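When the chains are written out, they are named A, B, C and D in that same order, and each has its own residue count from 1.
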Amino acid sequence: MSDSHHLDLLRQMLRIRRFEERCAQLYQAEKIRGFLHLYIGEEGVAVGVIGSLLPDDAVVATYREHGHALARGMDPGAVMAEMYGKMEGCSRGRGGSMHLFDASRRFYGGNAIVGGGLPLAVGLALADRLRDQPRVTAVFFGEGAVAEGEFHESMNLAALWNLPVLFCCENNLYAMGTALERSESQTRLTLKAASYEMPAWEVDGMDVLAVEDAARKAIESVRSGGGPHFLEMRTFRFRAHSMFDPELYRSKEEVEVWKERDPIELFTRRLITDGGLTEDDLATMESDVAEEIEAAVAFAEAGTWEPVEELTRFVYSEVVPS
Amino acid sequence: MSDSHHLDLLRQMLRIRRFEERCAQLYQAEKIRGFLHLYIGEEGVAVGVIGSLLPDDAVVATYREHGHALARGMDPGAVMAEMYGKMEGCSRGRGGSMHLFDASRRFYGGNAIVGGGLPLAVGLALADRLRDQPRVTAVFFGEGAVAEGEFHESMNLAALWNLPVLFCCENNLYAMGTALERSESQTRLTLKAASYEMPAWEVDGMDVLAVEDAARKAIESVRSGGGPHFLEMRTFRFRAHSMFDPELYRSKEEVEVWKERDPIELFTRRLITDGGLTEDDLATMESDVAEEIEAAVAFAEAGTWEPVEELTRFVYSEVVPS
Amino acid sequence: MTSLATPTRTITYREAMRESMSDAMRNDPRVFLMGEDVGRYGGCYAVSKGMLEEFGPDRVRDTPLSEAAFVGAGIGAALAGLRPIVEVMTVNFSLLALDQIVNTAALYSHMSGGQFNVPIVIRMTTGAGRQLGAQHSHSLEVWYAHVPGLKVVTPATVEDARWMLPTALEDPDPVIIFEHAALYNSEGDLPEQGAPVDLDRAVVRRPGPDVGLITYGGSLPKTLAAATELAEEGISAQVLDLRSLRPLDTEAILTTAASTHRIVIVDEGWKTAGISAEIAASIAEGAIWELDAPIRRVCSVEVPIPYARHMEDAALPQTAGIVAAARELVGR
Amino acid sequence: MTSLATPTRTITYREAMRESMSDAMRNDPRVFLMGEDVGRYGGCYAVSKGMLEEFGPDRVRDTPLSEAAFVGAGIGAALAGLRPIVEVMTVNFSLLALDQIVNTAALYSHMSGGQFNVPIVIRMTTGAGRQLGAQHSHSLEVWYAHVPGLKVVTPATVEDARWMLPTALEDPDPVIIFEHAALYNSEGDLPEQGAPVDLDRAVVRRPGPDVGLITYGGSLPKTLAAATELAEEGISAQVLDLRSLRPLDTEAILTTAASTHRIVIVDEGWKTAGISAEIAASIAEGAIWELDAPIRRVCSVEVPIPYARHMEDAALPQTAGIVAAARELVGR
């Protein structure tokens, strides 16, 4: 793997991190409202997986999806404008943080129902299967979703029909305040996949290269007809569940221990040690990213409010596709 | 195990068989209406499991539950009257074949939603757990239910909370016309249980002694705090799914092969060979059973129709329990 | 010596539905059918019988018992450009798929600012009357009719059974088709040369100035029978078949109210907060001064539907009850 | 020198609800609370904060994300004689538990000929107004209000938040409590000596002869604000708080209609086939000749609720819209 590719991975993670740090500020400033779920600490997962997809593949994500949207190449300005509720937002301001969409990149959202995106992903893959298109659908979900019936039904359907789905479980150990061991009787999640005869690997989600490596192998297998695969990415969210969460359910120490495995810091140190990155490079990267984000904020600020008269548009489609 | 116990097992199976054969006739005669799902071929399962429960244990069954009701000691007259729609029926004629109930025997029905009884069973067991009552809840369901989300959520909850539930999967290989291999990507159903860290055994459902043996061990473990257990009973329904099913999806040969493993014939032959049963005993047993069933039919025939004025009773409870 | 009358043929509702699906699948490779036992079993109500043989297991796709997942998969396939017909065996089991239908199918277009649309058709059997007991006898059309983003139709004639589906498949948005189980065996004459019909207009099935009977779906035959009985007594009833519950054809409802001044609404759903309430409300909003009598609703009694025949009959709307309500309104 | 006025204290809706639950759990060992994040997290809306510490994890039971199973487990525990309070985080997720609520809880008593009863209380947050987007802003109370076997209440005041629950727990049948998210922070005065209140009667929150405003739950504050505005213009509006959606207090509705002759119904649910329709229908059936003007409904616009503040505001009923509708009816 080339150095430039490594730098790109780092840049992607950094963009997400800085973007979300800015989101948190903007939430305090009441520019962003509603629920805001930060991905900080988990960036390696979205970057490693989504970077390994082809442009024509599909992505289905959750309400914690800023990282996925950016990794998929969505314009940070359009994403930020969405969170501002502006018409220039990627969902016209109607979705907000939890409902980012981009049809042109086959980014199917942004789903605020835990587990709700999984059946959808199965259907996208079914369509590819029926049309013999060698495309992959990557669906992201938290470990909390594993307790939902929709997860199991979807796993079975995908495996039974040998559909090209990549199930990406982001195991950050908590579902809101519920720790995995209070949510699953068997916490080795790959065993769930095994019970559907689906190949499943445990991956260090704090190591972007490990994620990328696993994702590439899995995606290749999925694409070439190997059926669905399941990746359990072990990671951690450094911040609260949402902006309303007082984090009563875990200790500061637990968070601190995980922060020592910050995917961005780890990877930065590694690149510096390996000589692929200098402190100067990093500074440049940071300032590039900062610039991009400020541009996104400026874009959102300059955005306009959708006229109220348009409220009833798009409840039903305006154009009948042929 | 005593001879008399063996004879009793045989008698229980025979009662169910003859009862249902009579039901089929009464359906043709339009005395029974609605859906009628026969258990013929699967009697060893209900008899082996339910015979191993204590009176204070609970049973939750499906729409294919005549066998379970009879095995639980419900009066065949009340069951038959129910299918006639008479007020003397075990559910006052309101339930019909799919909704047999008996509070006095903790028989919680009769549920026509595939998988619908499973959460209920978890709740019954939770109540026992919270009150420290050493009771067991046995819940029956077909292998088709294993694809339902409610199955998985219930398995996880029971295992996570270590609840006294015995999960009894009646794997008769078909869910209506859908064969197991077209319903599950992984047909070894005990692996589902394993993915919840729940002990699970495969049992020959055509051998009532094997069922009984497994049930006793499992029930003992469940009752003594060993948490939920899962039994996969391999069996076969000899008749159509319901009275409307033309059985397009399987061959006569397949059914014939399974009929050679008829649990009643197998067990009869075994008892005769072992000397525990003579042809005469059998004839007496048959005529006792026939008499009991004719009495049940006569009871149903003599039953009365609930007055239409009572239609709105019991939508809400009539007595406020303290 | 050609006949001037349009040539017709007699066909059952079930056959009409099957022909409609098969035809759509022959004409459009994007169309496929998916649901529990639609294939090898031939469909729980034998609607899709024989279709597996013609179209193969990829396009007549048996699913496991997983209502949420296969309905959701239909939504995904529709998003990806296919035209799935998803059969949920009955409305009773659709409760397990409601999350997908409401939170995904109905919302995706609006929530994404119009980027996506979900051209799915979901068919389900509805209704009571066959002694199937409380869990198998729901009529929950009204729940779906409440939800923006969905369209809800209730074919009650063989013509609608035959010709609503192609329109539904052309529709870019989710369409729910409710088929009342009691209609499958009903027969009717179908013109040899049919064409797709609209999904949003009510139709007067029988004209008459004395009283308006507004209904849909499985209650249409009972309501027409009531009109026939009323005619024998000299009361000429108008029968309006709603056909679509979302959108509701409010204009047609108001026209019936304005032309008959007396309205009986017949609906197998429970009365409280049923679709009958919406019909009454539209009239109370839009044509209240036209009424010469209070609105009457003939609905199911508010009980879970019992098994015993006589009790079930008593729970459901029946012709006699419709006749009595109409008679009362016209003061006889 | 004792005061004759009943001593009161100021309390939030959230605190009232919490006090109510804690009190019930102290008084009755059969009562327990179960749901997602009710324990360690303290409740998604902080309603149960601190309760885990007092009652321990057995009685303040965190559940996995398994709405169908834990609601069904609550039903089972109720059948077995306990008194579970099951919290479904929001009505949006209750779609995943509907099968259990409708096909089990609501039917078991009738279907078993009265052998069983299900004394469960299910609480859920409902409503929009916090920019949570389409999937988190439903108001589906009407669906539940349609189902025989259920009771549905909508506490809108701190008193009802405090005192409806004990009555619900005494009730032998399933009771659904809808708590509008916008109410949790609202404050009110609670008499020091309170007592359980009924679950089935509407209450006139403000008397007035000129126009009747009928509402419930989260729309009550907006409606009272509208009445205040109207009073400034010399229009004296009566505000009826339904409190219970099943049973509906039809008598009170008809009394309001008969005493004001002009009715505006305010409901955050979508208009078509909403609970507003049932209220209008009852009036059209029972008090039509009392009306001096057509019934007006002020409901949510029939769109998925959008995120952007101005669009969400435009989608929901607002005080200005209520005032305008009332004004129009009285001809100003």
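Heads up, the rule we're going with is that a contact is a pair of C-beta atoms (placed from the backbone, for glycine too) under 8 Å apart; a residue touches a chain by one contact, two chains touch by 3 or more.
Every value quoted in this text rests on a predicted model; they were computed, and no experiment measured them.
**Student:** Compare the CA centroid of subunit D with every other chain's and tell me the farthest one.
**Tutor:** That would be chain B.
**Student:** Please work out the Cα centroid separation of subunit C and subunit D, and write it as a whole number of Å.
**Tutor:** Here subunit C and subunit D have centroids separated by 31 Å.
**Student:** Between subunit B and subunit D, what distance separates the C-alpha centroids? Give it in angstrom.
**Tutor:** Taking the mean C-alpha position of each chain, the two centres sit 41 Å apart.
**Student:** Where the centres are mean C-alpha positions, what is the separation of subunit B from subunit C, in Å?
**Tutor:** The answer is 36 Å.
**Student:** Which residues of subunit C are in contact with two or more other chains?
**Tutor:** Touching at least two other chains: 64, 66, 68-69, 92, 96, 99, 103, 110-111, 133-135, 148-149, 302-304, 306.
**Student:** Could you check subunit B for residues that touch two or more other chains and list them?
**Tutor:** 91, 93-95, 99, 111, 113, 116, 147-150, 153, 156, 160, 182-184, 315
**Student:** Can you tell me, using the touch rule above, whether these chains form a line, ring, star, complete graph or other shape?
**Tutor:** If you draw each chain as a dot and join those that touch, every dot ends up joined to every other.
**Student:** Going by the contact rule set out above, which residues of subunit D touch subunit C in the complex?
**Tutor:** Its residues touching subunit C are 68, 92, 95-96, 98-99, 102-103, 106-107, 110-111, 133-135, 138, 140, 142-143, 145-149, 246, 248, 269-270, 272-278, 280-281, 283-286, 288-289, 291, 294-297, 302-304, 306.
**Student:** Quick check on the complex: what are the subunit A residues that touch subunit B?
**Tutor:** 147-153, 156, 159-160, 182-186, 191-192, 194-198
**Student:** For the complex, which residues does subunit D have touching subunit B?
**Tutor:** Those residues of subunit D that touch subunit B are 32, 58-59, 63-64, 66, 68-82, 84, 99-100, 103-104, 108-117, 119, 148-149, 151, 170-173.
**Student:** Subunit C touches which residues of subunit B in the complex?
**Tutor:** Those residues of subunit B that touch subunit C are 33-35, 85-86, 91, 93-96, 98-99, 111-116, 144-145, 147-150, 175-178, 182-184, 245-246, 248-249, 305-306, 308, 311-312, 315.
**Student:** Which residues of subunit C touch subunit B in the complex?
**Tutor:** Touching subunit B: residues 36-37, 39-42, 44, 62, 64-69, 92-93, 96, 130-136, 301-304, 306-311, 314-315 of subunit C.
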